[in-house]
């Protein structure tokens, strides 16, 4: 491949972020941002159509030395684990920009620049094949989001942004410790430093000390669990998601780097961890508890956006649970859940944003009967809610079904817990729907206008994608299966 | 012949007196004097060692140290003068605008 | 001559009055002194048996001079800069502003 | 006698100092501005000479001066900081009739630091150390009508002379036990110190003496006051430059001269590193003066660097040395940015008592966009956000603790790093997220220029770390 | 054969109609009703042709499978069971769509209505012709979604919005059980294949599942000390799904509330089609039930109990649609009971039950449509405010009377004379008798016969109160337009004669499903696994009294009703009062609302668990803040060390030196 397509995909958003920062008007800013994101979308579509989903090998690899004395390289590549997530980002961001097309934001140049910077950083995490690079992008995702929440956030934005920033930073730092451990252990064995992810993961099994292996595993796992987030490390999430502006919430949703880490880093070394069974149990238990806990918490919320935030906790539980299922299809299901959750939650948060802008409140009980005034929103929101509660035919179901069914084979107990949550999940979605969209219209809101054309378009496209991938998941699921089979086959090699 | 220990103990005592004074005196001038005590205690050490080691390095060092002590005193007095000019006193324990 | 009020008790009292606000400094200084003395005492200093008592060469000036201009010429040169800097600094700090 | 050209950077610098001083006599207040350019040029020339001499080695003057990768690297740090400060000072000293004193003192202080970096003899080290100290005592009190500046200077001076006395006392014992003041000579004749309690005493006395410059807890107490009270640019020199001098001296004293007493000083430094980083970070949390906050942050950062003494591996030292360089740029930059803000505040309100209060940073993103952006980068770099110098050096340094198996130390350092994010982010919050009714301000050119240089290096070390890391490794090889 | 290749069109056409109507409906007359009508009509024709073809060539089962993703497939399976259902669903749906053109003509949201019903029809047809359990489940859920949307069609009515949510949630409980059953089934088959499923084998296809019945039945799990066959667990979980969907006790609570939707919706979804999906599920997986010990008994008992239980509540309802809703529940109970009787009559039970299902679809749809017609004209749903409607709406009255007779099951045993309900309900009751005879367990029979009596009473109560006597309020009624009455008449004819026409052929046709079609299995062997003892002789040879018994109770019910509500001979006021505890119990529907909604949903789930969860979450949050707080407090404390007095700094330095020496010494000594 002559064109360094992955570098382009990562760098274009950053370049345009800088460019956008220097634009003077809203029009220039949004056009610049849209252009960049469409370019990224086009490139990633190009990549997708040239992607071989039958192999679990890294594709479109790029390599350049960076800091040779520490074995740090600029190493990019993409495979079936990362491709769907890159695609998810590439797809949603242009529509997110369209969605905010007519918003009256202060400092639009910064706003769009931050969106692009986040996109670049998140995609960077997905395509980095070097731990150093991985961590660099991983941390870089924090900064634009921190600004995003702090500048355009809700009333408690300062508290929320600092909390999110520091909480997840702690998680990242602990993860960094794990990376260090792995790095030096491998250095000790091979005699040369190398930060390559694949290299380090393949060296993990040769670390002599079982305790070291356990510690490294736990440190890495902690970092990822905080980011996912799994119960009980979730408390940064509701505040951050709720206080963020709509675009920020959507960016948070696209921040699938925690779950990605589970597949990229955790599963390959899982079979070589001395206390593997305990780790699996922890992951499965945290996943299942997240599902149930998030569902109950969502049920208890009075704020629509907060409810959606907790439902996000609940949904991400499937990722952890599925990863612990250790059957290729459960792992694929977990990966697919990431993809699906990204799409669904994007619409959910967009809908929350629209409602908040239109009515000035997100308190569920104060709303009501919006469907009469905002029928388009109602239809799209209904679809998103249904997808979120796992209605078949939409992406959420595929993921949940795969996770539950195939995780059951190895982890029956935790699946039972998760299944109980399905009812609660349905309950809070329906109840919220009933109280916001249905019922008597609250006349104090006056004559509300339905969502604008750009908003409708962007939400509808994502909604159609939810439907499309719900009916035909193969385009992304196949590559996930290819890779998860490889992951699971590692278990078999280790005699599990 | 006087054992080395005596010199060292003397120097230690002088040094400690210097320390004590430095920690307890209020006046800047006295504190400067205490610093001189400490530096000279160290000089005693240097010279004593120099003699007992049969090596002149220590004495050279002591010479330099005396010069440095003088320089230090000069700067110190200049600072104290400036303080006195601004605040009309040199009770250093009362100069604590910068704290916490 | 002996003032009847000037008793041992009173000496102790005035000593106490002097040290009471300085008790912390006292303790610390004594602690430091103890540590230094103990350290000195428990060390076997490697000394020449006898201080050189060469009647021909009572003076060590020449040796010192030699050292200053050979081995320790660099500190000497730096010292010159130190003195210059100190001079400058001290004068700057101590000088009142002409306008005042 | 080896190559005297190795000494040219120092000579150039001292020469510049003298020239500035002399020329200053013949200039009136208005034309003294050129002294700033002259001084900057001199520092720059010296810097270039040092860069040209990278890779050359040699001993001069009866082995009392050694030129090697370590010394040259640290000279680079000192000169970079001095360059930044002298450029920024062009604005600061504008209209001051004592410009020549300021610049020559600053240059002499820098020269002192450079001699410390090259010192191969405790006597040279001590005298040069004193040169750097004495020159900066006066600098700290440069605003001699400002009681706060004087107080800062006084505290700095008092604790400085106490430390000098302690260090001299310690050196006298080392000399007594080894019979020499040569640093390699001490290492060879260490036997008496090794077998006696004197070893520990002299180690601790040296730590106290050097720890004063490094600002290790509990020898740090002057630092917040002085950094807060001094003119910001002097704080910049102190925090970014003279602190590093403490490190390079400590490297020489402990890792070369007293290497046999490793057990003693490793333990001491372990205790100090933990206390220092924790206290520095924790106390920084509640500061409202940005300079004081930066001072505590600087204390904390000193704690991180001190970890290298505990880990004692090549990676750790390389990390520490790289950290010294990065910290030089980050801290100098941050203080210069603060200086710009102080300048702004004072130009609006002449008699402001607390010009560096965090409230003055409100809305800085709008009022002084370049300054605010640079400050943000410095703060994030200090916090260790990737692609900055701070991250790269933290990465190497923290990684080395894991390499050495000191997981507990790594965990403490990491947690501290996380805490630190809070107070750095708070300043960012004030700059960008809180409104202010102030007007947009024309940013003073010299400050901006200096900050931009610092930003370039902060980012360069973060992005393109290999050459810096290479030289840090080379420097570390000198020690181990 | 070409018609088989068009099978996939059966659900696809209505689905397309949904899309078209949804987007274009506003621009077309009548909300674009014509699109779904044409689509469903085509579907009906295809279904009918396939059915007719199957009747002639029973071996030409339509079975097509395509890979969906991974190891899952989508496919079409039309065997006699599916064919019958397909025809019925598409036919009833077609009629109701036509009827709705009239019924919904005043509603502004017509396009939405027709889009949603088209989607519903598509999904329901999808349920029926699924060839694997997952696709079945998917369509099953979509059906639920449509039910939700349609119940909440008038979403501005809070009661409708609430009822929609309740319906979805309650059936969701069942769905989750269904899903759990599928998961368990999958896991078991996965285990049977030793974790490596061969390429091209779709383990969730019905034939694949049935092939593995013996192996699954052999797997056991200890539950509360009992050895339970996995097959029993799976089938009971499936039945749980059916309970939810088909409104069996205790998940029936949503069905009466579901009457908040338009009446056509009630007719289509909550009478004729969707609610029977549960029955269809059990029938579809009947071989599994047959091989699962106890499962069929559970089905039978619950069915019988539901039949009786719902009928008792039907007695006291005043809302015309609610009466019909309880009646539906009750009849669904009969169907379940019929399936449960497979424990004694084997696969014949499927025929019996499905026969009742089809007949019930006709007469219950008819009843609802008539009720709709009445409501449409009268403008109220309360039968106490009606009376004498017969005079204004003769056609409606006639058709409704036919439907009521069919429901009550009038006919003459041993002959071909009788309404459709008679031919389908009686075999079930007789089978229950047979069951009692062979197992000495008479409870199902007793329940079913009492329920039959009650059925007759409540339906004629409805007829008498609505149509006879004098108008009790002032309503200006008129007969409905012909677009509404024609479907009524078509259904009326079917309700009258369908039973008589097909009573022998139907059962045989359906037995083909499992006898020699897509999977060949030995019913007796399966029953052996399930430890059921099939009766050696079929139903129909019982004593004459038993044969006549259902008819007798039906007539008795008619008489009682007539006496009370027609002639008003017996004064009901003493019984119908809030003071009568039985009446109160019935009227309050056994306090289900209090138990399920107020207590379980609100108190336990919401206030108990969810709010408690929120408190716990605050705890987590608090912990995070506490950690932050500790640091800031420590910061506030520690900064005071910095007194600003230089002497203190000096003290700190010297103390530091001394203590450090001591500390290091100690550390070095100790370690």
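Brief remarks on what is shown
By written order: A, B, C, D and E. Residues from 1 in each chain.
In the analysis below, a contact is a pair of C-beta atoms (placed from the backbone, for glycine too) under 8 Å apart; a residue touches a chain by one contact, two chains touch by 3 or more.
Owing to the predicted nature of the structure, the values given are computational and were not obtained by experimental measurement.
Among the other chains, E has the CA centre that is most remote from the centre of subunit C. The chain closest to the protein's centre is A, with centres computed as averages of CA atoms.
In this assembly, the C-alpha centroid of subunit B lies 96 Å from the C-alpha centroid of subunit E. Separating the CA-averaged centres of subunit A and subunit B is a span of 64 Å. Averaging C-alpha coordinates per chain places the centre of subunit C 99 Å away from that of subunit E. The distance from the centre of subunit D to the centre of subunit E, with each centre set as the mean of the Cα atoms, comes to 77 Å. Residue numbers of subunit B whose C-beta contacts span two or more other chains: 8, 15, 19, 22-24, 31, 52-53, 57, 60, 64, 68, 71-72, 75, 78-79, 82, 92, 95-99.
The set of subunit D residues touching two or more other chains comprises 123, 126-127, 130, 134, 137-138, 141, 144-145, 153-155, 158, 162, 166, 176, 179, 197, 200-201, 224-225, 422.
With touch defined as above, residues shared between interfaces to two or more other chains in subunit E number as follows: 628, 639, 642, 644, 646-647, 650-651, 654-655, 657, 661. Two chains count as a pair here when they touch; such pairs are A-D, A-E, B-C, B-D, B-E, C-D, C-E, D-E. Those residues of subunit C that touch subunit E in the complex are listed here as 24-25, 28-29, 31-32, 35.
Every residue of subunit E that touches subunit C in the complex is listed here, in rising order: 647, 651, 654-655, 657-658, 661-662. Put simply, subunit C touches subunit B in their complex at residues 21-22, 24-26, 28-30, 32-33, 36-37, 40-41, 45-48, 50-52, 60, 63-64, 67-68, 71-72, 75-76, 79, 82-83, 86-87, 89-94, 96. Considering their complex, residues 19, 22-26, 31, 92-93, 95-100 of subunit B touch subunit E.
Subunit A contributes residues 163, 166-167, 232, 234-236, 293, 296-297, 299-301, 329, 332, 369, 371-372, 382, 386, 391-393, 397-398, 401-402, 404-405, 408-409, 412, 415-416, 419-420, 422-424, 426-427, 430-431, 433-434, 437-441, 472-474, 477-478, 481 to its touches with subunit E in the complex.
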